[in-house]
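Paired with chain B in one complex and with chain C in the other, chain A is shared by the two complexes that follow.
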Partner chain A sequence: MSQRSITLRRPQVASDELAWFRFGRIGQRVVITNDVGDWELLDEPEFEDLLGGRIDEEHPRHAVLQAKGFIRNDLDVAGLASRLRRKKRFLGQGPHLGIIITTLRCNQNCRYCHASRTEMDRVDTDMSLETAKKVVDHIMQTPSPYLNIEFQGGEPTVAFESLKFIVEYSREKNRYENKRLEHSLVTNMTTMTEEMAEWLVRNNVMVCTSLDGPAEVHNYNRTWQKGSNAYDSVIHWIEWFNNRYIELGRDPRLWHVDALMTTTRKTIDHWKEVIDLYVSLGIKNIHLRPLNPFGFAMSTWKRIGYSPEEYLEFYTNCLEYILELNRQGVEISEGTASVFLMKMLTPDDPNFVDIRSPVGSGTGQLAYMYDGSIHASDEARMIAAMGDDLFDLGHVDNTTFDEAVNHPTVKAIAVASILDSLPMCADCWNAPFCGVRPLHNYMLQKDLFAQRARTPKCAEHMGIARFLLSKLDGDEDGSVERIFRRWTISRPRDPEEGLDAAPPVRDPSSVESGGPTSGHSRLPVLE
Partner chain B sequence: MSDGADDLELVYDLGARAVSFDLHEELYAKEAVYGAAYLFVDRAYVFLTRPSDGHVRVRLRSRGAATEDQLVALAGEFANELLNQMVRRQVSEATSQIREYTLARAFFGNDGRASIDALLAELDAEDLDDDPLEIEVPWERSGQGSVGG
Partner chain C sequence: MADAVVRFDRSLYAADAVHAGVEAFGKFARIALSEDADAFVLAVTEIDPRHEDVLVDELANYVLAETAASRSGGAA
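Take a look at the complex of A and B:
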């Protein structure tokens, strides 16, 4: 044992000159951020000038630091409050995402299946029309003026009758609710038929599929029946849908198949081919996603998993390449980066349920299982499928909407994900852009709060935010910012474009009333 | 120093797989020590003890084998983070009222309306500039108020 010493140089802090901010370091630069998501990168001497109250009107950084609210002199508190209110306007709006698992049956056997699918003969895991009606009645009580009903599985198209009923009944019900109502389907495309596809297009159900990369990667990750080629199937249907939208005169920027990819160890070695494939298919957005600790991925992790550092290297390789493609005029963005950039570059928050404070479980989304059980989120139903009912909120038969969203479990998840109250996150410069995942934490550390420095999400989100701000910092000619700002543009679709005036409700005997949902107050439409 | 900075001498023990700091709470606030130590849970086992009144001992034990250089680097990182936490605490204390007021105004003020409503209110307020009804004229001066009931 020996004794050593370190000399710390403690800077002067001019208490009367400062406004509130967080700070940290990215390389040699100091990053400062505030609650409304304003940020600035400073040299160390400039940061010491800020702390020491030496940013007077002559200082080269005065104008920008004053405008962004980092200096107390002439601080526009009312303006900051107004911007903060806008940034956090999702608070109090209620769930805008209703995930409905119409079946757990699936014909694929993906190595990482997070949903714990069942075999195709398990028709007992299909949602009945009676349950489907109760689910729609439940989720449409949300006070949110916007609602996206998202179909997941299993493979939702194997229970297509339930899906059709939910679309038609919810649309009928919405004649009284007057929400901005959208439907989306997450499908592996392998059981798609032309009849189904035509119905989906005609009924404006947005289609999202999984495309993990070139055939070698996709077919490895997403095992199908022997002798079949899942890759060929998904490519065929992406092209079919995109062509059909164009034939019907729809704007392809708004109407197209979205694709998600899940990263396995196999993907990491093929990152460039994955992006080239998306570009060749004309897909404008690629959403890079790491494996999650749910479902089958838990047991196959050793073979297909990787460390947070390996994922981050993969991610930054991809993002560098995507940026280069953008410089060459190719229009493609990355999903997670877009979420962060919207928070960094615009006055709004994208309300992405997995990256916000508090997280969206129960407050931004609800998930309904085929049997009518209600779960705080997609992750919660995945955990339930693994035999753990900790995040169950009740059942549509006996739990009201208010009881579900005010459930103590929803409150616990919210408390565990409000960054301002979490050790480490409360001080972190990335807090205005980041979000924690309590259910993710629970699966990895059996603790909603977890030791955040040890969570892969912390490493991932810090790495992404550092990368983006570094790119913006070194952006001499503004070209990177122009590209990044394009990624933040979200063009709204008209959910009723091309629809018949009054879609027929199927199986009318099961629909008691198309009248307004009762028992909830409506918030003003803020969109 | 001309910029008002001051120097602190931070002594630590360098062991086989660990570094230890005895920190006096008068110099290093407990919250700053906790905040700094928490950041190291991914790299080290963190032990906090109280060797005597007013002192906190932080022992960072490497999660795997570590060379002396790595331990010295670990100590340096902890020292930097401790300094950051002290500055954060000072900034936070100096600005907490401003922040609380901003948050209260954002979420609990009477102005919690949709932006379109806010815009309409702003336009209405502009109309008041004309003030044909003399709303802005103090009550007493307008002759309509009754002083002393």
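Take a look at the complex of A and C:
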């Protein structure tokens, strides 16, 4: 057995020569970060030189450490304040994501269903048009200049009339609100018809679907009715939509079906096939989402779940492979990595509601159930569907928008997720990039704050940030950074693009039956 | 040979805190305390297998916390 030797010394710290920063270790290197998201990786002797005030103007690291605000001498405080204001500008804008659950009915029976879907005969879990109108009136009061209305379920296409009404009514209302208004649909594609699809394309409703991998994985995770093949259906419709956008002359980089996958134990065994499938379908972004502790996943965890370490091994295998594909000229990025990289490499925060400080629940998003009840987030409504109303904010019949977003529960969630105020998180080098999840904490430890360092999310976010910074650190020729920077680019879509083109020729082989959905399309949003 | 050797620099760590650490963790490992000019040196052997992954780190944390507490005049 090798002997472990630890020497604990008092470091020499020239505190009057240092600006404020956090630090930690990544392998043999020391990472330092500050509030505006600047970071640098140092050798241990360089770090000691920094702490000891020995980084003078002759030092090879002086220029970069000075420019990034790690040295107090000539510190541009006003410039840092301005950059911090830009990073945090989402704070004063209010919710930009309105999730509407038009029905809980779903014809699939996914092993991990986070939404606690209902059977197809439960029409009592459909949203009425009267409620839909009240929901739109409610969410459009958000002061945010950008609003994405996202349809979730259940399977939203089984209540397509409600969806159409919400799109048309919100667009009409927006003639006076003048927001940048977008709509997105999270669908399993199994009840899609050409009539629906054409309407969605013509009305700029972006489509996001779940694709868990090759048929063996997808059909295992997302059980459909006996004798049906969920995989064939989703592949058919991804290709249909993507071809239709091209027929209309739209830029496929901006107009395409987004696909999400939920990682189960089965996925981990097939990680390379999953990525190859996404590439073969021309999908530009894969989001390697882990299982969440909500809904049916809580009861099936033993069969389909995994440890944080297993997930991270899977994630890093995938990311290494995705990087290799990029080097070969294939355009594909990973969703969570893109969120972190935008914080690490650009002056902006992507305002991704799940990885934010504070988390977006109530301050970045609201979720509306089919019955008009208001919830702090998508996850909050999932918890409500499990019988726990702790995160309910009221009802569109009797709760104003102001009352909802100023609800004590929203404030509690914010307090529990402002990293600067959380012990350990406040001092963690990953704080400028990370975000904690109070609702996850609540589900796992019955505590909004929880012992965060012991949560799967902490292991996941630390592992991902370490991996990304390590890759950038060893990037001698700058090729990794060039790839990573591409992943941070987000361009707005022109809603008029291609809409004057002719209607499509009907494809007689189209699939016109289908099923449900789960998962969500909260992809990075630029403000 | 010890499983781990931890050197607590005298410029930072309080003697009472190191002794408190030896006492608190002594039931989970054999801990031999020696001193040299610069440091208190703990040689840790026979670590309880149930705690071998964390014991040395927790011992170091404990001594640091006791040192901080003794300097602020309160309990850790």
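Note that the second predicted complex is superposed on the first by the 487 of 527 C-alpha atoms of A that agree within 3 Å, B and C clash if a C-alpha of one lies under 4 Å from a C-alpha of the other, contacts with A are read in each partner's own complex, and residues count from 1 in each chain.
Here is the rule we use: contacts are C-beta pairs under 8 Å (C-beta built on N, C-alpha and C of every residue); 3 or more make two chains touch, one makes a residue touch a chain.
Since the structure is predicted, the reported quantities are computational estimates derived from the model, not experimental observations.
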item	value
Which superposed partner A:382 touches (first chain B, second chain C, both, neither)	neither
Which of chain B and chain C A:23 touches, first, second, both or neither	first
Contacts of A:396 with chain B and chain C, given as first, second, both or neither	neither
Chain A: partner with more touched residues, chain B or chain C	B
Contacts of A:186 with chain B and chain C, given as first, second, both or neither	neither
Which superposed partner A:7 touches (first chain B, second chain C, both, neither)	both
Touched partner set for A:339, first chain B, second chain C, both or neither	neither
Which of chain B and chain C A:257 touches, first, second, both or neither	neither
Doubly contacted residues of chain A, that is, touched by chain B and again by chain C	1, 3-10
Parts of chain B lying in touch with chain A, wherever the complex brings them together	3-15, 34-35, 38-42, 72, 75-76, 79, 82-88, 90-96, 98-99, 101-103, 105-107, 109, 111-115, 117-118
Chain A residues touching chain C - in the complex, by the definition given at the top	1, 3-10
Residues of chain C defined as touching chain A within the complex	1-9, 11-13, 39, 56, 60, 64
Interfacial residue positions of chain A with respect to chain B in the complex	1-13, 15-16, 18-24, 35, 48, 51-52, 54, 72, 75, 77-78, 80-82, 84-86, 88, 91, 423-424, 427, 451, 453-454, 524-526
